[in-house]
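Before anything else, here's the structure in question.
Order of writing sets the chain letters: A, B, C and D. Residues in each chain are counted from 1.
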Amino acid sequence: MALSREQIAMRVAQEFKDGSYVNLGIGIPTLAASYVPKGITVMLQSENGLLGMGPYPTDEQVDADMINAGKETVTAISGASIFSSAESFAMIRGGHVDFTVLGAFEVDVHGNIASWMIPGKLVKGMGGAMDLVAGAKNIIVTMTHADKYGNSKLLDKCTLPLTGVNCITHIITDLALLEIKDGAFHLLERAPGVSVEEIQAKTAGKLIVDADVPEMQF
Amino acid sequence: MALSREQIAMRVAQEFKDGSYVNLGIGIPTLAASYVPKGITVMLQSENGLLGMGPYPTDEQVDADMINAGKETVTAISGASIFSSAESFAMIRGGHVDFTVLGAFEVDVHGNIASWMIPGKLVKGMGGAMDLVAGAKNIIVTMTHADKYGNSKLLDKCTLPLTGVNCITHIITDLALLEIKDGAFHLLERAPGVSVEEIQAKTAGKLIVDADVPEMQF
Amino acid sequence: MSGFDKVVSSYEEAMAGLEDNMTVIAGGFGLCGIPEGLIAQIKKMGTKGLTVVSNNCGVDGFGLGILLEDRQIKKMIASYVGENALFEQQLLSGELEVELTPQGTLAEKMRAGGAGIPAFYTATGYGTPVGEGKEVREFNGRPYIMEESITGDFAIVKAWKADRYGNCIYRHTAQNFNPMAATAGKITVVEVEEIVEPGEIPPSQIQTPGIYVQRVIKGSFEKRIERRVTRSA
Amino acid sequence: MSGFDKVVSSYEEAMAGLEDNMTVIAGGFGLCGIPEGLIAQIKKMGTKGLTVVSNNCGVDGFGLGILLEDRQIKKMIASYVGENALFEQQLLSGELEVELTPQGTLAEKMRAGGAGIPAFYTATGYGTPVGEGKEVREFNGRPYIMEESITGDFAIVKAWKADRYGNCIYRHTAQNFNPMAATAGKITVVEVEEIVEPGEIPPSQIQTPGIYVQRVIKGSFEKRIERRVTRSA
């Protein structure tokens, strides 16, 4: 069965390594912070200038001067640092953030990603996404495998305006965990109960499937 | 009579405008800080990362972590700020320092300056001088008009490796105050008791002298 | 040190010299750390044809959004503009020009502008619409695009505290773009919650040295929250 | 948060992995704010063929100068090297290569290296020997030269205090090049006067966020003064 948003987030969190600095995009990526495995700690970077983002504040803690990149009120953990936007993106662009997790409209077999603009609809802007995909060492894209009409989002070539080129290596969808290398998607894991055939049917880009594809473990 | 080092510094200090941020090079320029006219305040920038340099410390105040760009122990005034070298040169390169005063080996009629290297002798390095001459809005060069052999330091074209091009507008020597414009030195003031003829004799570059050249006032 | 006293007592003085068609760089991220009173003054002055450089353009009726009401903004340079119906309307009708710029590139353009660096290379935006028409150059086998710096006729900045010499500190994440904006204005105006005496802020804690600042004004702030999210205690 | 504990207990651990022919970026200005113990450890290790990037190269017998004694430095990238007889001797004999770099350009090269900016333009050095062989480009009618960024295999940094996560603050003008050096090392090692617990340094006062730092060691410092100048009380 296809994963829920929470399950996608859980699978993402399994990828976190102890002592990693992680930037989580809005939506499913942010949910992953709730599922960090026991014994593992990560520090969250929020690109508006906060390293060591904590949980949402209590009513008493709410402070208009303390927000995250999604413009939500947040707190800081003990040992957090706060800095300017230039410093924040020096970290990001300079490759100091270990993991970036973000959503996308489309990903292709070359590791290209489209996530910020659908021509004809209003453009809201790329925010920090282009810097994040250009700078992060490891990027995981989370998205549904296909759109609501059943069209695959894993393509041979992205059709929408790009956010970055040649930068995505891992995708976690509601159906599968895939790696991008050598111009193809490689199926690494299936969502529990989802068949290889369903994944093949919903993957438009070149897909390589090994003989034995394990199910995700939760 | 030729000005003493102190008198050159005094004449330099007369150029300071109230509320100016000033960077003073090692030697005569630094002396100028002692002669700031009454009613005028300037704030001294030291390029190792201090804005609001104060006087030398007393024995009790000496702190190895508190030095100026000449590596001398210093103090900070109330209202000073301390920052990194990158920030310090952002200020300098970005044109935020109002006045720079520095010494030179040679200056020419195009506003070029040579101040950091004499080939054949050991090269000690340019330190911050190239950034200062490239970035400052107003630069005053202080030096003796001629070297100890009587050779002019005000030339048609610098002979030594340059520190910067097209950047010097004013020179205060032991003999005169000169402005550089339109490819010539313009004699603005004479040291008290120094004749126009002596200045002409010791200026190798093109010199323009108006009918009446006033003496400096101290 | 009266020559260094940057404090002005009215918003008229604070924004004196702002003229039609000027470029204004504004600090702030969303509605966090924005110079509310300076923006209100620009609205009051009715200055037109402005190019505004800011990560966002406020929301309908608050922040830079209020400058859209009388069509004072000709061009917006921003990374994200998605919270504003009036913005959308003026964009679609062609009244408003928008130059979308990646957030990190925008921050760096402001910093470079203040630091006398006319251009720099970044991998951000290479191969995307942002890179179109820009010079591409390889370093160590990777392609980068050249981005030019930004400076403004005015920079409007929100700080927490400033002393009379213009030395500023920021509060929490209200720092954001403010320090870079402060360096990049020909005239930098800082609106603060509190004015303190020189020396009250320790020299090494100053985040914007006063050399970048021409005017300081004490404001009062609504500090509207865009997305109040809480957890139970 | 043990995964973020960067504190090591020996200089051997602090400099583990340093090999011949690596590039080391060092903070400090003159003898102010230099990582004395880390430099001593490099001398002890006897690593050769190093490229050292630092504003200065210490003095005879102190600071980076001690690495000249056993000819450990192959190349020095610095803005000012004029306080060192051994340096002069090795330079004249051709044993030591020197790349003189304007001080502001050097600081910016380190910052750019840490910030993922491979190159930038500056007017500094245009028309001088520093500009020779570098690309020249005009912006707004003024010529600038292109300068490339610097990164190091190691960065050695002196901070005042760091917490266990590597968040650092610097003391007075001992800050200088240290924050930029800290960003530009593949492995950044910070030697401090005091190690504090996370949270003791307020978040907005942290000058080097721990994300840039791989190792922290508590040192003890002589803090030699190069030019002690005083006035009578």
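One rule holds in what follows: a contact is a pair of C-beta atoms (placed from the backbone, for glycine too) under 8 Å apart; a residue touches a chain by one contact, two chains touch by 3 or more.
Keep in mind it's a predicted model, so treat the numbers as computed, not measured.
Listed by label, the chains touching chain A and chain D alike are C. The chain with its C-alpha centre at the largest distance from the centre of chain D is A.
By number of C-beta pairs in contact, B-D leads over the other of B-C and B-D. Centres computed as Cα averages put chain B at a distance of 35 Å from chain C. The mean-CA centres of chain C and chain D are about 32 angstrom from one another, to the nearest whole unit. For the pair chain A and chain B, the distance between C-alpha centroids works out to 55 Å.
Distance from the chain B centre to the chain D centre is 29 Å, each centre being the mean of its Cα atoms. Residue positions of chain A touching 2 or more other chains: 50, 76, 82-83, 89, 92-93, 134-135.
Contact with two or more other chains is made by residues 108, 111, 115-117, 122-123, 171-172, 175, 203-204, 207 of chain D.
The list of touching chain pairs reads A-C, A-D, B-C, B-D, C-D. Chain B meets chain D in the complex at residues 46-50, 55-68, 70-74, 76, 82-86, 88-89, 92-93, 112, 117, 122-131, 134-135, 161-166. Chain B contributes residues 17-21, 40-43, 45, 50-52, 76, 78-83, 87, 89-97, 134-135 to its touches with chain C in the complex. Looking at the complex, you find that chain C touches chain A at residues 29-33, 55, 78-82, 88, 91-92, 98, 100, 102-108, 110-111, 122-130, 160, 171-180, 207, 223-233. Across the complex, chain C meets chain B through its residues 1-4, 111, 113-117, 163-165, 167, 183, 198-199, 203-204, 206, 209-212. Per the touch definition, chain C reaches chain D in the complex via residues 108, 112, 115-123, 137, 139-140, 142, 144, 148, 169-172, 175, 203-205, 207.
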